[in-house]
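Below is a structure I'd like to ask you about.
Chain naming follows the written order as A, B and C, and within any one chain the residues start at number 1.
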Amino acid sequence: MTENVDAVVTDALTAPRRLSSISWSWVGVVPFFLFALLFLILPTGYLLVGSFQDAAGKFTLANIGNLFTPSILHAYWISIEVSLASSITGAIAGFFLAYAVVLGRLPPWIRPTLMTFSGVASNFAGIPLAFAFLATLGRTGLVTTLLIKYVGFNIYSTGFNLLSFWGLTLTYLYFQIPLMVLILTPALDGLKREWREAAEILGASNLDYWRRVALPVLWPSILGTTLLLFANSFGAVATAYGLTGSSLNIVTILLYAQIRGDVLHDQNLGYALALGMIIITGLSNAGYIWLRARGERWLR
Amino acid sequence: MRSLELENVEKAFGASFAVQRFDLAVERGEFISFLGPSGCGKTTTLRMVAGFELPTTGQIRIDGRDVTNLRPNQRNIGMVFQSYALFPNMTVADNVAFGLKVAKRPPHEVDSRVAEMLKVIKLPQHATRYPYQLSGGQQQRVALARALAIKPKLLLLDEPLSALDAKIRVSLREEIRSLQRSLGITTIYVTHDQEEALSMSDRIVVMNEGRVEQIGAPFDIYNYPRTRFVASFVGTLNILRGRVVDAASGRISIDDQPIVAARGMGGLQNGEVRSVALRPEAIVINGSNGANRMQGTIEEVSFLGSVIRIRVRFRDNVISLDAFNNPNASPPERGAGVTVSFTPEDVLVLEGAEAA
Amino acid sequence: MTRPRFGSWLAIVLGAIYFIVPLIGTFEFSLRMRRGVYSFDAYAVVFGDPRFQATFLYSTFLAIITIILGTVLIVPTAYWIQLRLPKLRPVVEFITLLPLVIPAIVIVFGYLHLYNSSSFLPLTASSRTTDLLLAFSYVTLAMPYMYRAVDTGLRAIDVRSLTEAAQSLGAGWGRILFRVIFPNVRVAVLSGAFLTFAIVIGEFTMASLLDRPAFGPYLQLMGANRAYEPSALAIIAFAVTWACMGLIQLFGRGARTARR
């Protein structure tokens, strides 16, 4: 009898404490959600809604339609091209570097050096990176002049221009490759040594192992990171602006110019440009996240 | 022609030897265990047979053929790893089929062989599952099927049960042994668990610090250990300090109580201090098992179910022995005086004196 | 079987060339200011430029504000999620990943339209409040990295036991946060802080569109008008980034040994 009373009293004493702890918890995260709402979700949502409105606020698809003018489509196309080129090249180069450092049996000091450098280089994007490449491959850059002086070869005579599609791609690789290395190195670490040994003792050659086991296991990581690189490149503006000012016709520069009012200021077109950007980077990143989750499921 | 021969195999890393002077000849269908503590060289030796390590000296022959310099994928050996090592991107069926597909066998042969192997390991309904969906024991059975699917000449197992729960370990080890018997495949089994080695093997190779301590059948290893290490590593052992009274007649005094040893007293000096070992099952409590009797006091009684473990103290020396549970008699009391007896043949005189 | 393969060396060498040559080129270019001879003139000009000092200080100041705001916002949130609301974790993690998905230029575009003078929260009305808006935008940029660093740091300590121990000793929430939790995630916070610093110092898009006198827009201005100073500035920026990463490593390693 006394035990029951005890239980009831204990329940009564603990129940209100549980209630108050719930309300305290919500208070704890309210600032974060408020911040996210005000400075992340609302601004983006505002743009998304605005891209379907005209200047008077009425629903319209005209902005989306205006996206399909030749010059803007051209800008999207160049953005996509540059992003494809820098992401795929960056993925391949990054893969080989990561492979060399994890499985290439190199001296042990090389790996931490590469990882630290990659950490720095992946943050070196933007205006300083543009300056660096101008100083190296610009018309009076070091490599350009050295090549002319010692090899007699002027790269600009071939039509190469740093301020163009290939120049931009080459510059973007400086932060794309390190990003690939940083993400892929742990993934390569995850390739268990026993898999290779089990494959070998079952008669597989190195090629068999890579074709049947290692690459299929790594595929989600490789493809996913390529998508991440694609989105990364698509959304970059500072590096391009540092290289070319607003003369290069890519989407981010276009949007930048719209916002600054450098060209004919059509507010709702800016919204539509932003919408297009969000769709492309959003899809790309969704692909990345989905592939990562899928890859991790196997490796549980 | 022996199924597997290791001749004077050694492995050195720099100045230290991981494996020294390993000689072994294995008959077809034999089940051999490499038994020893961590770092004794048993896994290194296994990996040399597999081809993952290159011996510094010596030769390895399979069915008379020198394979010492062959790559692992040229040796036609099956191997099961401690961590299962199933390919995570493949189903159970694809895992088992791997070796056959690599050898480019025709599809109908691959399918029928896979179905056969899955039936043998009793997992036919799991063919389309992925490794992450299976339990540890199931994964290890799939690994076994994968290794055997290619009909290898030799089966190597590297501590395959260490990562599993105790109950599964026991049932799986019986499965492995019966499968091995029915296939008649020569098998090398690496373990640090002496119960596994004793219950499964035809012969055991006991190793310590890179050296082979003893090779023999489980019965011989357990009852006639040749070195101190083997005696203490295989089975439980009571070790006592005794003083030699008369080497010629085999008399030793333990805590001032005289006993007689039937063997191992040759060349000892009277008055010398020596270690003496006794297996727990050789000792009988309050009975008349043998000529040797000692008086002691019961220090501790542990009821373990079917067995009662009793610790008896003499003066400085303590022994542990087992008695079967008898529901009609209560276990002995702590502090009670007791007589223990054992035969002179059961007394193992060891090299060196053990610190008490 | 222990010899490294030729291909591995080739990859490393090619990679090293690609990454080091631009740095050498930039450095060499920055020394060319005085005609015919190598000198550090460009650096002297840069360091002596009052606008360099002003914008660098401004960005440093803004970085510190961002770090403080970010820490105060993220650490309690991460703590609460771990302790009390684990079910909300996926939501919070998704939110912290959004800044990586939505390009910075889109975010600041949204700010300009949402928080202009005629909105409910006129943050662009004055320069002080615009500074605040810029700080908020930087917190948004740094959020993924900061959250991940703090989350990892919190997972390494047993948050629940520490909290319950403090509570049983009579501590209130404020004291728990400041005296118990913060010190234990100090290393994680520091590494997040240095990363934030590196991001903020070089940031261009948001600062330029919000029209604030930050280091990024100053860099761009130099690039448009001068020849040699931009290279010197690039080297300086690279050195600052290296220093931040180095400090992260240093503090990370120090804490690991201290814990032992």
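As a convention for this text, a residue touches a chain if its C-beta (ideal position, glycine included) is under 8 Å from a C-beta of that chain, and two chains touch if they have at least 3 such contacts.
Predicted model only: the values in this text are computed from it and were never measured.
In terms of which chains touch, the assembly is arranged as an unbranched chain of neighbours. Farthest chain from chain B (centres taken as the mean of C-alpha atoms): C. Distance between chain centres (mean CA atoms), chain A to chain C: 17 Å. Rounded to a whole number, the gap between the C-alpha centres of chain A and chain B is 54 angstrom.
Contacts with at least two other chains are made by no residue of chain A. Taken in their complex, chain A has these residues touching chain C: 21, 24-25, 28-29, 31-33, 35-36, 38-44, 46-47, 50, 93, 96-97, 99-101, 103-107, 110, 114, 116-117, 119-121, 123-137, 140-143, 173-174, 177, 231, 234-238, 241-242, 245, 252, 255-256, 259-260, 267, 270, 274, 277-278, 281-282, 285, 289. Looking at the complex, you find that chain C touches chain A at residues 2-5, 7-9, 11-12, 15, 18-19, 21-26, 28-30, 73-74, 76-77, 79-81, 83-85, 88, 92, 95, 97-114, 121, 136-137, 139-140, 173, 195, 198-199, 202-205, 209, 216, 219-220, 223-224, 230-231, 233-234, 237-238, 241-242, 245, 249.
On the side of chain A, the complex with chain B involves touching residues 192, 194-195, 197-205, 208, 212-213, 216-217, 297-300.
Residues of chain B that touch chain A in their complex: 50-52, 71-73, 75-79, 81, 83, 85-90, 98-99, 101-103, 130, 132, 143, 146-147, 150.
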